[in-house]
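For reference, the structure I am asking about is given below.
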Amino acid sequence: MAFLESEMTEPPFHRWLRPRIIDIRQDGVTICIPFRPELAHSENPGFFHGGILMSAADIAGHAAIAAAQLDKAPTVSLSIEFLRPAPVGELILNANVRKMGQTLSRADIEILAQEKLVAIARGSFARLKV
Amino acid sequence: MAFLESEMTEPPFHRWLRPRIIDIRQDGVTICIPFRPELAHSENPGFFHGGILMSAADIAGHAAIAAAQLDKAPTVSLSIEFLRPAPVGELILNANVRKMGQTLSRADIEILAQEKLVAIARGSFARLKV
Amino acid sequence: MAFLESEMTEPPFHRWLRPRIIDIRQDGVTICIPFRPELAHSENPGFFHGGILMSAADIAGHAAIAAAQLDKAPTVSLSIEFLRPAPVGELILNANVRKMGQTLSRADIEILAQEKLVAIARGSFARLKV
Amino acid sequence: MAFLESEMTEPPFHRWLRPRIIDIRQDGVTICIPFRPELAHSENPGFFHGGILMSAADIAGHAAIAAAQLDKAPTVSLSIEFLRPAPVGELILNANVRKMGQTLSRADIEILAQEKLVAIARGSFARLKV
């Protein structure tokens, strides 16, 4: 989906973080973030920084809503629960639409690292008015 | 405070983001994040990416709790409300302790850009057990 | 303020819970909930039930926004952090507007029991479209 | 499960609200709240009050965690997103454990009214220390 690709690659911050869409479904998307040392909170053992998990959750949730409404969907709010440290490797984010609304839509995001659920997030995203 | 300085500079992600402590109070801290192009969500007009605001809120809230308990305080949860776009320049974060607890502490974080309140966040941080 | 009074007393649930406005400010309101045994989570020692704190936070946050926009403001989301048990007596809620928006407004709510801060809440409230 | 039954019926507020367990699973519980006029936010059309939805979400999430750890689990935080008005009738709450932790556990709660998803909530619950 060309629209989603440009959403994913245009923001300067994304060009640094390098999120990649690996699946687009009816009601959601899956993105991944490959590890790089500067995404870490600690080394030996290496864990992702929470800020990276939140940034990735924001991007994934936005992508799920933007794909459904074929338009940008500015993030209104986001909350995250960190369940356990996120070991470095590839970060996988499954974002699923929970409600498409006239003004506000919601998505749930699950964050996995090394196949374990490391965090759960929930976001609200606005519909831009024409 | 040497402990807080090392908390601020050690994580590899911080070395990229470059948060800087500008005030330490009894009940809180103020940090700033100078703008760099790769922190942006958009250019012309330039706005910070929401992921940067969340990462900075996490760091500021953690710093407020860690300074109060003189120990690391892993982030358990964080929620943020984005109030308006955050124009580029210097990002200022005021983090204030709301509750120091035996196992869980809370901090509120206000995020300002160009002297306007652009987001409010709230986080829970754990006390490490010896 | 007659509008706020009717907001406070009309909903059937409010007639049971009996919230009472004790202050209206430029940017917020204070309400109180007198204790009755059926509001308790436990007796001996007596503590308010969390559901009562959340209900009261919803009502207080709504009142702050409704008073500012002179119109109903349906609750879109609410989050609460329980800081300590809430001893029975009078529950006091200070709700303050953080942002009045075109479609969405935010309020922070502090909940006190026996003069101690027992919980902090934050809500988003919609502006009804004409 | 006798423990859960007493959790459900002992608090004075529960005796008023009357939550009823209708299913206990490995990882969660389902409870229902039958409608009574004093649970309403409005009549004609009749909708449940948001405070009732939050109270019920709290009770359902607590029940899911308490059933899993066979011990009380005081609510630490709860957040809810209201997706649409909740028409009166029977309120159904499906609570599912997302993480059982040493000090903190999490549950997700879906709230249905007339078979439609009306709200989604997420809670953190503490493990009592012996």
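As written, the chains take the letters A, B, C and D, and residue 1 is the first residue of each chain.
One rule holds for everything that comes next: contacts are C-beta pairs under 8 Å (C-beta built on N, C-alpha and C of every residue); 3 or more make two chains touch, one makes a residue touch a chain.
Predicted model only: the values in this text are computed from it and were never measured.
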Request  = Return the chain whose centre of C-alpha atoms lies at maximal distance from the corresponding centre of chain C.
outcome  = A
Same or different contact residues where chain C meets its copy chain B, judged by the half mark = same
Key: chain A-chain B separation of Cα centroids, rounded to whole Å   = 20
Key: Approximate Å spacing (C-alpha centroids) for the pair chain B, chain C   = 28
Message = Taking the mean of the CA coordinates per chain, how far is chain B from chain D in Å?
response = 33
Query = At which residue positions does chain C touch at least two other chains?
reply = 76-77, 79, 81, 124
Task = Under the touch definition given earlier, write down the residues of chain C that touch chain B in their complex.
result = 79, 81, 83-84, 98-99, 101, 106, 108, 117, 120, 122, 124
Residues of chain C defined as touching chain A within the complex = 76-77, 79, 103-104, 124, 126
Request  = Going by the contact rule at the top, pick out the chain B residues touching chain A in the complex.
outcome  = 11-17, 37-43, 49-52, 54-56, 58-59, 74-82
